[in-house]
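Chains: A, B and C, in written order; residue numbering restarts at 1 for each.
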Amino acid sequence: MSPSPIALAIDASGIARRFGVTWVLRGIDLRVAGGEVVGLLGANGTGKSTFLRIVGTLLRPHAGTVRVCGHDVVKDADSVRELVAYMAHAPGLYDNLTARENLRFAAAMLDRRDKEVDAVLERVGLIDVGNETVRAFSSGMQRRLAIGRLLLARPRLLLLDEPYSNLDQSGIELMNAVISDHADAGGAAVVVVHEIAPAAEVLDRTVTITEGRIAGQADDDHERTLIPVAASDR
Amino acid sequence: MSLQRDWRRARAIAWKDLTAERRSKAGFNAVTSLAITILVLFGFALGPDTRAVRDAAPGVIWLAALFAGVLAFNRSYQSELDGGALEQLVLYPGSRKAIYAGKLLANFVFVALMLAVVIVAGIILFQVVIPSEWPSLLAIILFGTIGLVTLGTFYAAMSSRSRAREVLLPLLLFPMLVPVLLAAMEATKSLLGGNMMGDAGAWARLLIVFDVVFLAATFLAFEAVIEV
Amino acid sequence: MTTSAPPIAGAIVAPRTSRWPIFGWFAFLFLIASQVTAILISPPDRDMGHLEKILYVHVPAAWMTMLAPLTVLFFGLRYLWQRREQDDLLAAAAAEVAAAFAGLTVILGMIWARPTWGVWWTWDARTTSTLVLFFILAGYLALRALIDDPDRRAQWSAVVGILGAINVPIVYMSVRWWRTIHQIQSSPSTVDPAYVIGLRLNAFAFLFLMIYFIRRRYEAALMERAAEHAARALALGVSGVANR
């Protein structure tokens, strides 16, 4: 039962990307439907983050196409950016501004109302430090603020790169709650993790990338299905 | 509606840049001090004869603004580069032209304030006589600043993200600024000298044309620079 | 689902040079012939004497220096339109050759000016804007040298090249206006008919030479890129460079 193409949050085929002369991604096909949460696993440097950034319109693919909710990420990047929110490994906040000011800036850029900022601060547990500059924040608090920015964005597709790093247990619970709420509302998510543990309860399936290609998939029960890589392909 | 939204975004970026700059404290003071130091050094180079120094004043003041401005332009992208915020900035929906407009606005305020201080210092150091047409002079300074800030902000979007940014920005920027600087300096010189030939108006008009051309060209090109 | 090594869009293929070396010989021989012809048939100038012979190199070089930014402009625009790496490499080759011609023009201009007017530099519109053009090109080449990512390098170069090319006539106009305002004598621009043939011949000679230089520089760049691709493909054990 394959989802109808229009419902696909991500429809990627043959995605390849090189940096200089090294091919980091060597042909990735992936389909993610609305409501699905997919985990991307793999060792460092195998291209997980690169793939995420291509879907998020930060990088152009050198081969293949990706459609997000029907919009091509290269030809129709503006529409894709309206639908997607990306959390990078680096929090991407302004050190000299307060938490509240950071979110109000994000609200202005996302065309959301200022009034939403306080509710978001409340939700991510930073309402008490709203007026402190981000410079004074721990990395866990910065990650929470970045989660707040995702909440403001209200995207159809969440792209999260190592979102659990620097989070304590309550932070992990917050992240998972945000992801589940998002999926329950019909949104899709792709989460890059280097270990399944913190994300286990929210992931619907995992995909493993090795040397730029998809090497394995696992469903809900985390039964690994290895996809054979023919010797002639290497 | 979309224009309103872009204007809100441009304002947010300008506010963010200026606030971050204000809180960092060091930036504006350092840049302005540098500009005045440059004035003083030029004074040593050209003086102490009052006449020589007064004649050179318009050129020297613009050059001091230029050299110090180079620092300011690279700095204006610093807050994005430090925490990886540039990626987030580029990912927000909507037109990237709004990002450029916001940065232009913030840099314009910064450089205009710096120039105000430098001009006062220049008037004192070089014994400049303020002409009766000082409103026209202000207009020239305004348009010259617009040209300077436009090209500076644009090229700094590239240099700030490259190696050897302190060398790259001047190398890219100065040849491009020749028309704007020439027009601004000549118009200023002419007005301060009593506008004998009546050419100040012609230079001023040229300056405005340059501003329009470079503003249009850089607005069109900014997306290609910021997205990659 | 796995796939084999992806085809490279617009793959860089090592160029097969066939007719270009012949063209190169033709260009060089034509240049020698033009120079000799011009030197032999033109009488010494009333004021400059035999110094005017230098104009047969200086003036065509100057004309080529004007042409080359147009090449950078054209291929820069084409790169932004289609994003083919070849267009970027061609624009870069043109910029390098243009920088060399600009440098040559300025130096020869100085050598000509010194005996003629007694000074090395006169801030006249043409030489000054050629000097500014030289620095615009130097900035373009410095930018390329300082960026490692090929996509960013190509895209930024295209933008910088286009804006730089647009600026050249603006600079020229400004400097000319500047000199007019200050009522400086402009350098003589009318050329005695006796010299026109020599200049025209050499203009074509320099044009052929410039095209040849750009082509060779472009080929060198293509070979570099193709070699890099092939070496990496070999190392990864992946099927090699695909042709598109």
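Here is the rule we use: a contact is a pair of C-beta atoms (placed from the backbone, for glycine too) under 8 Å apart; a residue touches a chain by one contact, two chains touch by 3 or more.
Keep in mind the model is a prediction, meaning the values are calculated, not measured.
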Which chain's centre, taken as the mean of its Cα atoms, is farthest from the centre of subunit A?
C
Judged by C-alpha centres, the chain sitting nearest the middle of the protein is B
Subunit A and subunit C, separation of their C-alpha mean positions in angstrom
46
Inter-chain centre distance, subunit A versus subunit B - centres from mean C-alpha coordinates, in Å:
39
With chain centres taken as the means of their Cα atoms, state the distance from subunit B to subunit C in Å.
31
Overlap residues in subunit C, where contacts from two or more other chains coincide:
151
Per the touch rule above, subunit B residues touching subunit A in the complex are 5, 8-9, 11-13, 16, 19-20, 23-24, 79, 82-94
The answer for subunit A against subunit B in the complex is residues 56-58, 78, 81-82, 84-86, 88, 90-97, 101, 104-106, 108-111, 133, 149
Quick check on the complex: what are the subunit C residues that touch subunit A?
1-9, 148-151, 228-229, 231-232, 236-238
Residue positions on subunit C within touch of subunit B in the complex are 80, 132-133, 135-136, 138-139, 142-143, 146-147, 151-152, 155-156, 158-160, 162-164, 166-167, 170-171, 173-175, 177-178, 181
In the complex, the residues of subunit A that touch subunit C are 14, 16, 18-23, 26-27, 29, 60, 62-64, 213-214, 227, 229-230, 232-234
